[in-house]
Amino acid sequence: MSEVHAQTVAYVRDSMVEQREPPLSQSGAYKWIHENLLSSWVNVLLTIVSLWVIWVALSHVIPWAALGIWSADSLAQCREIRDEIYGAGASVACWAVISERWNQLLFGFYPPELYWRPVLAFVVFLAAIAPVLFASLPRKMLWGSVVAPFALFWLIWGGSIWMPVAVALGFVLGWAVLRFAGPAIGALGGVVLAIVVPVLYWLFLAGPLAGGLAAALPIGLEPVGSNDIGGFMLATIIGVSGIILSLPLGIVLALGRQSDLFIINKCSVIFIEVIRGVPLIVWLFTASLLLNYFLPPGTNFDLMLRVIIMVTLFSSAYIAEVVRGGLAALPKGQYEAADALGLDYWKSMRLIILPQALKISIPGIVNTFIGLFKDTTLVVFIGLLDPIGLSNAIRASTEWNGIYWELFVFIGLCFFVFCFSMGRYSLFLEKKLRREHR
Amino acid sequence: ATLDDVKARGNLNCGVSTGLTGFSAPDANGVWQGFDVAVCRAVAAAVLGDPMAVEFVPTTGQTRFTALASGEIDMLARNTTWTFSRDNDLKFEFVGVNYYDGQGFMIPKELGVSSAKELDGATVCIQTGTTTELNLADFFRVNNISYEPVPIETNAEAQQQYLAGACDVYTTDASGLAATRASFEAPGDHVILPEIISKEPLGPLVRHGDNEWGDIVRWTLNALIAAEEYGVTSANIGELASAPGNNPEINRLLGTEGELGAMIGLEADWAQKAIMANGNYGEIFEKNIGENTPIGLSRGLNAQWTDGGLMYSPPFR
Amino acid sequence: MTTMTDPPGRGFRLSQLIYDTRYRSMTIQVVAMILLMLLFSWLVSNTIHNLQNLGKDFDFGFLSQPSGYDINQRLIDYNSQSTHGRAALVGIINTVLVAFLGCALATILGVIAGVLRLSNNWLVSRLMAVYVEGFRNVPLLLWIVLIFALMTESTPAPSAFRGENPDSTMLFDVFAITNRGVYIPAIHFGTPFFDNGFFNWLLVLIVLGASIFGIQRLRHWATEKQEATGARPTTWYFILGLLVIPTAILMVLMGAFWDIPSLQGFNFGGGIHLRNSLIALWLALSLYTGAFIAEIVRGGILAVSKGQTEAAYALGLRPGTTMNLVILPQAMRVIIPPLISQFLNLTKNSSLAIAVGYMDVRSTLGGITINQTGRELEGMLLLGLFYLVLSLLISGAMNIYNASVKLKER
Amino acid sequence: MQQQATETVDRSQMQVSDEVAIQITKMNKWYGSFHVLRDIDLTVHRGERIVVAGPSGSGKSTMIRCINRLEEHQAGQIIVDGTELGSDLKNIDKIRSEVGMVFQHFNLFPHLTILENCTLAPIWVRKIPKKEAEATAMHFLEKVKIPEQANKYPGQLSGGQQQRVAIARSLCMKPRIMLFDEPTSALDPEMIKEVLDTMVSLAEEGMTMICVTHEMGFAQAVANRVIFMDAGQIVEQNEPNAFFNNPQHERTKLFLSQILGH
Amino acid sequence: MQQQATETVDRSQMQVSDEVAIQITKMNKWYGSFHVLRDIDLTVHRGERIVVAGPSGSGKSTMIRCINRLEEHQAGQIIVDGTELGSDLKNIDKIRSEVGMVFQHFNLFPHLTILENCTLAPIWVRKIPKKEAEATAMHFLEKVKIPEQANKYPGQLSGGQQQRVAIARSLCMKPRIMLFDEPTSALDPEMIKEVLDTMVSLAEEGMTMICVTHEMGFAQAVANRVIFMDAGQIVEQNEPNAFFNNPQHERTKLFLSQILGH
């Protein structure tokens, strides 16, 4: 034992040590391999197993896919070519079915000379969605987004331009009522009137108006029926319109679920839970088998439209939960500040709460969209020709009867590319939002 | 009435199968082709004068009846078996039979089975959603033998399962079996057993209650059958129509004599257009499923009554 | 307490219905209620009208009529002469079965994949990422179909087991893996105590349950011992013995014998047949949901801050113990709620059984039955109700669990 | 504490009129069964500057939040500017647009620019033309000394700047009364001064203010009354000098010893 | 700073033995290609109380985390209590159970009660009977003055209390050496004192301690050596008085002027 300072060597460094490179064993490929693949015997084992798995998978798939035959008229011809090149019975893909039918898988039976329309529609859609997804774009572009749905409808289904215009006019009407009559009769009355007037307009005026305009000034595109729409185009249309149309309903449901008005709250909860508790496929069957029962006798519209309605209801329940999350994430102070400034419920929702809550919800909405987009494959069970339905139809043709994997692989890949990139985007957005919140 | 609706709309909504080889399938250009499709085209031609004025609505086994009942389609020309309960309980009207089918079995040759009665303990692939599974259950129960049903949603899957040996037997309507076998790499390795365990008269149907429309569809089908009987083909029909011959039945059929068209509310040359659309019944058969197609079905029961088959059109008079 | 905020004397004015907070909410709710009722009565009257027009009625009588179709996979007695109601019940049991199996396997797969994805083995974590992304981004329907087809293609047909020098042989001479499913040995009783097989198995279950209870006591005892002395006595052979011996004795008493599957005619006979449709659906559902669960597990583990691991290490805890005692219990709280909602999804997704011909309730009640009887309205209603009840049960369980594990905060 | 800032205040300029701005009588409030506010009686005259102090949880925030109905009181009366706060929505709207409120956490709207934050309520509630609203907003932003930030977003500003914007935002509604709920307690020390300065200048202009704060320097310099609350009731009130130098009630003494000894 | 608290320390009681507790020679560490620790040489004797200071990012945390292998060093030698830290897992376990560590953010296990937090490691690592472990835990909880919180969960405690629990938790393993990584920097001022007091009493009992801290009052009162690090190296070390009053190196001077001038 000694006194306190006995060992204290006073020390001052005279020259600073410079930054050195790490020793070789601690850097470069050696270290990487050692650390990432072989750090312990468990790891070595895992590495070996993984390599084996990769080998098994690739050794089967790569030759089959890479040696595939790309040009043939039918499966039989494909087999002949294969026998010629690789010998009988070799396992190679017959991609010819894709090269011959890819346009059907993408567009269904849409007239090939009109392919520019869905393509243009897709571009317009991307342009319209861009300002919503990327906050850095000028806000003015949002006006484009507002108009886009009507343009998209017109581009895809064609027909007279006056129909979408007449319908759009209804929204303008509603807005005008809200803007000009609202102040005179109070907020609540304004809202009610802004719903009633356009609905009356659509019911009684829009049709004749569109007809009249079309007669006076016939501008239009060649109409294309819903039956001609199929493949990924159908999946996209159902998915996109499902999500976009379900947004307003979803927001209303979310607000309803947050509301402390007992009846409204309970109704929203019941709606959301019932919709979410039952599989989509049951809802789709409902759309196809039962919807007609619930509507006035004689009403009869397009299966695709019915599916879109059902999908809209379905996704609105999911969107509602996403939006509810967004609403809950807003600090209470925002609600209070809006109240304190004298904004009423609707104004504070519209101007303060929803713009922020929706922004937070976008990643969730994108994820819901991915799920919905994948789920559109279920429409095959009610006879719509989505990619899978089309693959069945293609197999039913005498040329391609008997082909199997190639169609599924192609469809799967398309879905993967689409959903994966969407998923990455939503991840990016989530990270960005989290950064901004810090 | 349906006829007016169709005329006002300018096209016929015809329900077909989402895809059944030889009967209905879209080709590379997206144009529907097949035996059932031809019936739709004939009706469209008869009613609207344009065989292409058809909107094909693909239906599944589950959705077909609702589609028809709800008015989404004007007629259903999808391999649908005419049964008592469908006609009466489901309130539809079968207008005739365009194909006499029956449920059969296909089995690999190497199993050495020659009769369906030997199938005790076999695994049987069936396509669900039709009368098939009921027939199957009855057949095995009546013969007091056991089986293992493997229900499959689509023909493509069933084919794949069968080829991989996941089931010993594939059962569906004989026409489907033939079509499936035709697509195999080695069709000769599979046999279709002689037993036909059910009657499957397939025909177009319409809703109950609109008899005018039912008559139009019925007689369009009959016109196709009669045309074959009288030797009216798409090749000679122009000639026969322009110069009325000495067979009054043909003349009435083609509208050069009598007022048959007016009686069902159509043009006088309605049948002529219907036949011109795809040819007569025999031509349609040969083109889509006949012996010269990959499917290679023989006429069998579907031959004209004059040839010992069941195709028999009531007289046009 | 009384509300005194309003000056007395002034009576009720109509404008209060809108401008008075007390009445306003009432007004809105009453209006909403009326609108809702109107909507409902409109729908119902439409339905009645439409049914009338079609000459149909609303009647569940079809449930007691013979179904006329066979179901291959059934856990209760059923044949084509049974009623539609019984067919629905068979379907319900099948749905519950595949949902239960799926949830179990999906959890296992998901946990393994989620943990491996965090592994410092680059190859393994990449591989898991491929698995997760691959399954998450392709529709489930495609996976079900693909896995079904893959299973039939990659396993031998029963005929391959036939002959002198068969292409395939049975695994350990008792399991047969074929493209029709897997055949495993079954146990039968030669001298059963009861005539009804069910009671025999019930007896076995009771004995097994008693053994497990004994094991619980044993482990409890071991824990007490550990608490008292610090060292945990070795108990695994006791546990094993307890688990096996009583049941084994009972089995011997009842003359249990193995029923080993063997080739009989077209197929394997005897034993238990796990059909490919079940296995494929089960695998597909599990793999698909497992991919989502993997992400949840990964998120849950990442959510437990690195500091927790470090603190545990600094205390001298081994990685395994740290995982069990520190990381997992915390991660669980984050993981369980989304996990349950994945279970819900899996259960609902099991309705895609139709794609592989697995006879779940969607295929029996919602498929063939509706198709044969034309009772869409009644059938879909029952079907929807069934799924709804199932979902509510699962989410009810979730809420109870959530409440019980909530972290105590200041 | 920022006494240096407030020493320059010329108290004689701040006039108190006889007119009653806020009249609270026997106001009571419960959260569930917890009695938060008990028989609050308070009369505020136009031009008065009242500081509310008290230990945490004593109900200060709740009281001033009742004044513009962010919380509902269950018994008693609150009359603001002659309008009684009841369940009548019109009255609530009227009072809210006349009473400005500044929160501890600013609660600026992060998705709007500073200028938009300031013009939002005038445009939508007061229906003032946008041009005019912007002019007013710029005027008040100049007053709180940050006109150059008008087109930035709240996230880009420091805490002190944000709080000044929050004050400007309230002022744009031309309120006759301002409520402050611990406006400086979420701020770093350097920023407290700039916010207090703003408040002092407001006081100098004769704004009626009720301010919950722990800044005793501010209270001493600006307030003409200090109210001390504890356990949901007003325990003591007095003019600042008397309050600080000669507290009467036991709790007040204890509280002041803690606060000032700190 | 809490100098009043530490003024009472009787330094003469704190004995330093000749025995070497930690011996670090030429230790180097890289993060990727970034050279974090450069040629660290340090000998700590049993009973020594060492304070490590230095600007942010200088590698203080990294250094003490290397001592119980929370980070791996890539070159040089670390010998703790005669056991060399290498890749041998047994050695690592041995050292970890002899070296206690207290983190800036406490890192208590939120799902376990305070008592369970304290008994977890003794039971599972030292295989001590539960009863005994609990008795020890209560002993140390009393020592850090919070025995009454034993059955609460960490989330229910204040920051200062949590940090004291963290110290008690480490002590329950009866470590021979304690490492502290800025134990007070996440705490509110009132709470800093209670934690420092606990550390002082530990020091008085002769615990070998290495403590990264910015509490210079603590350093002056308790440490018998202050180490100043910069850019991953030890720039200067000395006994506290000399260190604070007569810093030699330029960087040390600069650092001290910033820290003390604050």
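Should a chain be cited, it is by its letter among A, B, C, D and E, assigned in written order, with residues numbered from 1 in that chain.
In the analysis below, a contact is a pair of C-beta atoms (placed from the backbone, for glycine too) under 8 Å apart; a residue touches a chain by one contact, two chains touch by 3 or more.
Just so we're on the same page, UniProt names per chain: A, C = L-aspartate ABC transporter membrane protein; D, E = L-asparagine ABC transporter ATP-binding protein.
No experiment lies behind these values; they were computed from the predicted model shown.
Asks: So which chains are sitting against subunit D and subunit E at once?
Replies: Shared contacts of subunit D and subunit E: A, C.
Asks: Hey, what chains does subunit A share as contacts with subunit B?
Replies: C
Asks: Which number of steps is the smallest that gets you from subunit C over to subunit D via touching chains?
Replies: Steps on the shortest route: 1.
Asks: Work out the mean Cα position per chain and let me know which chain is farthest from subunit C.
Replies: Farthest by centroid: D.
Asks: Which chain has its C-alpha centroid farthest away from the centroid of subunit B?
Replies: When every chain centre is compared against subunit B, the largest gap points to E.
Asks: Select the chain whose centre, defined as the mean of its C-alpha atoms, is least distant from the mean of all protein C-alpha atoms.
Replies: Chain A is the most central one.
Asks: Identify the chain pair with more contacting C-beta pairs: A-D or C-E.
Replies: Most C-beta pairs in contact, of the two: C-E.
Asks: Rounded to the nearest whole Å, what is the centre-to-centre distance of subunit B and subunit E, using the mean of the C-alpha atoms as each centre?
Replies: The separation of the two C-alpha centroids amounts to 87 Å.
Asks: So the centre of each chain is just the mean of its C-alpha atoms; given that, what is the distance between subunit A and subunit E in Å?
Replies: Centre-to-centre distance between subunit A and subunit E: 53 Å.
Asks: Any idea how many Å lie between the Cα centroids of subunit A and subunit C?
Replies: 28
Asks: Using Cα averages as centroids, what's the distance between subunit B and subunit C in whole Å?
Replies: 43
Asks: When you check subunit B against every other chain, which residues touch at least two of them?
Replies: 62, 66, 160
Asks: Give me the residue numbers in subunit C that touch at least two other chains, ranges are fine.
Replies: 18, 145, 149, 354, 370, 376 - these are the residues of subunit C that touch more than one other chain.
Asks: Spell out all pairs of chains that touch, sorted by label.
Replies: A-B, A-C, A-D, A-E, B-C, C-D, C-E
Asks: Using the touch rule from the top, collect the residues of subunit D that touch subunit C in their complex.
Replies: Residues in contact with subunit C: 28, 30, 73-77, 84-90, 92.
Asks: Provide the residue numbers of subunit A that touch subunit E in the complex, in ascending order.
Replies: Subunit A residues touching subunit E: 1-13, 16-17, 19-23, 26-27.
Asks: Can you list the residues on subunit C that touch subunit A in the complex?
Replies: 18, 25, 28-29, 32-33, 36, 43, 46-47, 49-51, 53, 116, 119-124, 127, 133-134, 136-142, 145-146, 149, 344, 348-349, 351-352, 354, 362, 366, 370, 376-377, 380, 383-384, 387-388, 390-392
Asks: Spell out the part of subunit C that touches subunit E in their complex, as residue ranges.
Replies: 226-231, 305, 307-308, 310-318, 321, 325-326, 329-330, 333, 407-410
Asks: If we count contacts the way the header does, which residues on subunit B are in touch with subunit A in the complex?
Replies: 17-22, 24-30, 33, 55-60, 62-63, 66-67, 70-72, 154-156, 159-160, 179-180, 182-185, 293-295
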